[in-house]
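For reference, the structure is listed below as structure tokens.
Residue numbering begins at 1 within each chain, and the chains themselves are lettered A, B, C, D, E and F in the order written.
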């Protein structure tokens, strides 16, 4: 199996940001994303998803290191101060590198 | 005696405060909200079909002015008395200048079980009152000079779930007329109170979580969350009088004025005024003002309206 | 002939066993459960409003004793005859000493379509029968000496979803009275059978998954899952006779005694007696006893009650 | 004038095209679908209980032949005129040879509000028309020689959610008969139109997303999505005439023929003909044919049937 | 804490494949799997989960490297051409190695 | 982009444990958590989320290595014997290290 290193950027944040984020992820060069509904707790308190204003989403983007860095920088600049959000990166191997 | 639908709200708050495992799935909350919004819209739309829209123009203009006015009054109070940051004050003011559909539904149920009739086109006024406060709130927070993407603000405001369903319901009711809507009544009319009961159960659970959030933000917000609706209700009652509304219509307009938005405005503020802390506004609107209006406010506004119409 | 709601259960089991793609979303299952629990609670509460609670005291004490008794009978059978581990025997005994709201609802539908009336305060007895078995089960599993966090046990038991909705419904029905509840009837009364049908459809699908689990645990559990409800129904019929219940009330109490919990007890046991294997108790309660009661048991208990009331 | 349920469809499309935030949770869409499928099945089943099945045999055979025929007609058109790949042509042909339950429900509502009666056993014909096209589609795509796992195809086809609920409903309605089903009517009959309204709202939102997908696939699909249902409706009207259906029955059969599946067939094709691009078939079936039938087609087929029955 | 290296294979794909995939994961030697509902976008367009045909699932399998390789190869062979699917691998430490 | 290594602890377990786990995660020093609903299969059989007793949750905690070790030890001691549960660890980079 010849596999290829990529980055996985995971973002947990407020559901209200979904449509904006999705647009930005694409415009910064990622080729796709995956979203699941989530709940949780962090600096901004309990977000327990009972209703819209308190719902989280968990966004995953597999991409190359530069795109990941660009996305992370963008998130830090635009969202880190005012929104409940944590982004984190990890290493993954993908099988069809041309997709990412 | 309390309306049984209110008892569901009390059940929800109690279960929440006792940290019960009771929780409604998000999908159920959304279904219940969708049915309520469509039901309210349809009802109003059917009524609009019966009367020339032009005749309602004074009322339509009146409630828009009312929405602007209440927001502009709330802002300096929050800023000066509450010493809140500009963005927070603007956001909370917008919540209180706008309206809460849930509170409206409770007022409708309240009047219904007391057989007090009211102008059936109220849903139209409700829709009109949702929007102005949002625009004022954004301007108060950011000033007119700073670049605001008004296109996306308008999108956020007019294409949010709540407004689309209300306006959609209004238009469908208006186009279909009384007979056209009849086959839809088992869902949107007969089940209204039952669905409202489920809605209030969930609102109670949500309110309970907001109450714990409140502790951190001190007495000012609690006081504001009670005093502001009382003041707004007085203004609303006055406006209703000037606009020539019936007794029931006066109660409804006072309730609308007194209510604080927790769907449309939070969503719009989150995107347009991100530096405002949503915990503050939701704690006040949901933790204090919603239960206050539902449990105490509406009967008080009923008394107020009776005095005025005496 | 089978009640149509039972046919939905059969449809669910068949679809499940045939490995159909049919599946109800969790949120739908929860909505349906919430409506059923509230409906049962409301109905009982309205009835309680009509009669002095003191008069019901003998029945209330009676069913609590019945719950203790059935749990204590089941335990040694499971331990000795079934050679089950202490924790497993205690947990299964608690399931069978407690009651199943779903089975109760089927009995209500069964009597309703045969126009057999029964004491309408049965939901109160149902609530009272849910709890004792849980406490006995925990003590049987852990002994009284070993440290049990009874505070959190009580929280788990009394603030679980099922009990909160049943008691909440009872209190609301009781406070609102017959007229107060009228506007809620389209949802909680008229739709009862339809909602029960959806519930039983999902129960059939769940039962089918439990049946496959059963194969692994042999014949003893199957036998217990049929014999225990029959025995409990006899005891329940006797208790009903002693407590002076009507024919319909006797059928209901026998059914309650015969039914095995699959909501409140599993949740409590999972937290308080974690070493008990939940697969065993759920396979018996859901894979055997629930379908047995629903398809065969209730008509049998009807015959039993008719003989006693001959 | 448009039926109000259709206005919900228009609302959904408009909200979708305007990129509103409105969205129904998946669980709500599934609940609404389940209720519609069961309601349609039950209604047909009750009717079947009233008449000997043998008498319906000609119609049953007739619609199966109709399903085969329409699929076999559509395939060469798609292959030759549309220059589509073999798998894509076969898959789209199967969609159009099969039927859409949502479109059927709209036709029922349409005839209901115009008080046009029709043969109540239509749901049986609907079920029979769902399947043949799938089998033909698979054979067209893969040939008879290439190894197809027909066991798993049959499983996919007959145990898919839609068919299980329709057949389940039919059997329950048939076993329970008119009186047995009465207590279920508040959910499955009275709420039918309201639930259909919610369903069409969501269908509108889904259709809007398909419309954007359409742009990429050019004019041929749009033309096919309009011309094929018109052609099928003519064939369906002829078949109804030969089978001796009433005016209403003719409208329903023409609508069934004209409708394109978007539940059973897509699921089966995805598993059995994976090389077919699902975007193509869904864009045509949901983006063009569903709205065409719902907004324009059904009244046209009504006119056609009136001419034939003139 | 003595921990043990394993592979985590994550697969995002069409919900319609769930039952087939689950069977294959087990027959290729994995001891378990976890599934969450998801939505997303990739080569095959937006899949926004509003209804069945457009829903995604996110499948996770923790297993040893050989099983992961076998699973990845199987997915590439059977699904990569005709289905919306991305599989990717990462390194995880498990606490009870005998389970995987 | 100056990033910082942390651990991501993922726990898949019975939904019934949610409130207990959440309390313990916080008391053992983690600053937040994210939860999604899940279904799956493992040693304890199929858990397919159709109803409560059979539902899983997937809990994620981003934290430093010591907290992760403490949490993992706690889970092993209290839950590994009697509950359906798998915990696993992976390496992630976070952007704002002060949050974790």
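Operating definition for what follows: a residue touches a chain if its C-beta (ideal position, glycine included) is under 8 Å from a C-beta of that chain, and two chains touch if they have at least 3 such contacts.
Chains and their UniProt names: A, E, F = Transcriptional regulator; B, C, D = Sodium-dependent bicarbonate transport family permease.
What you see is a predicted model, and the numbers here were worked out from it, not measured in a lab.
Visitor: So if I look at the partners of subunit D and the partners of subunit F, which chains show up in both lists?
Guide: C, E
Visitor: Treat each pair of touching chains as one step and give the shortest count from subunit B to subunit E.
Guide: Each step joins two touching chains, and the minimum needed here is 2.
Visitor: So which chain is the furthest away from subunit C, centre to centre on CA atoms?
Guide: When every chain centre is compared against subunit C, the largest gap points to A.
Visitor: Higher C-beta contact count, C-F or A-F?
Guide: Pair with the higher count of C-beta contacts: A-F.
Visitor: Taking all residue numbers at the subunit C to subunit D contact, is the shared part over half or under half, that is, same or different?
Guide: Different: fewer than half of the residue numbers at the subunit C-subunit D interface appear in both copies.
Visitor: What chain is the most remote from subunit D, judged by the mean position of CA atoms in each chain?
Guide: Max centre-to-centre separation from subunit D belongs to F.
Visitor: How many angstrom between the C-alpha centroids of subunit D and subunit A?
Guide: 39
Visitor: Report, in whole Å, the distance between the mean C-alpha point of subunit A and the mean C-alpha point of subunit B.
Guide: 34
Visitor: Mind pulling the subunit A residues that touch 2 or more other chains?
Guide: In subunit A, residues 36-37, 90-91 touch at least two other chains, as defined above.
Visitor: At least two partner chains per residue is the criterion; list those residues in subunit C.
Guide: 21, 23-28, 31, 186, 190-191, 267
Visitor: On the basis of the stated criterion, which chains touch which? Give every pair.
Guide: So, checking each combination of chains, I get A-B, A-E, A-F, B-C, B-D, C-D, C-F, D-E, E-F as the touching pairs.
Visitor: Flag every residue of subunit C that touches subunit D in the complex, lowest number first.
Guide: It is residues 1-5, 7-8, 11, 14-15, 18-28, 31, 109, 112-113, 186, 190-191, 193-195, 197-198 of subunit C that touch subunit D.
Visitor: What does subunit F use to touch subunit E in their complex?
Guide: These residues of subunit F touch subunit E: 10, 12, 36-43, 56, 58, 69, 72-73, 75-76, 80, 86-91.
Visitor: Residues of subunit A touching subunit B in their complex?
Guide: So the residues of subunit A in touch with subunit B come to 14, 16, 20, 37, 44-46, 48-55, 81-83.
Visitor: In the complex of these two chains, what residues of subunit C are touching subunit F?
Guide: Touching subunit F from subunit C are residues 23-24, 26, 29, 202, 205-206, 209, 213, 262-263, 266-267, 270-271, 274-275, 278-279, 282.
Visitor: Of all residues in subunit C, which touch subunit B in the complex?
Guide: Interface residues on subunit C, with respect to subunit B: 25-28, 30-31, 34-35, 38, 155, 159-161, 164-165, 168, 171-172, 175-176, 180-181, 183-188, 190-191, 267.
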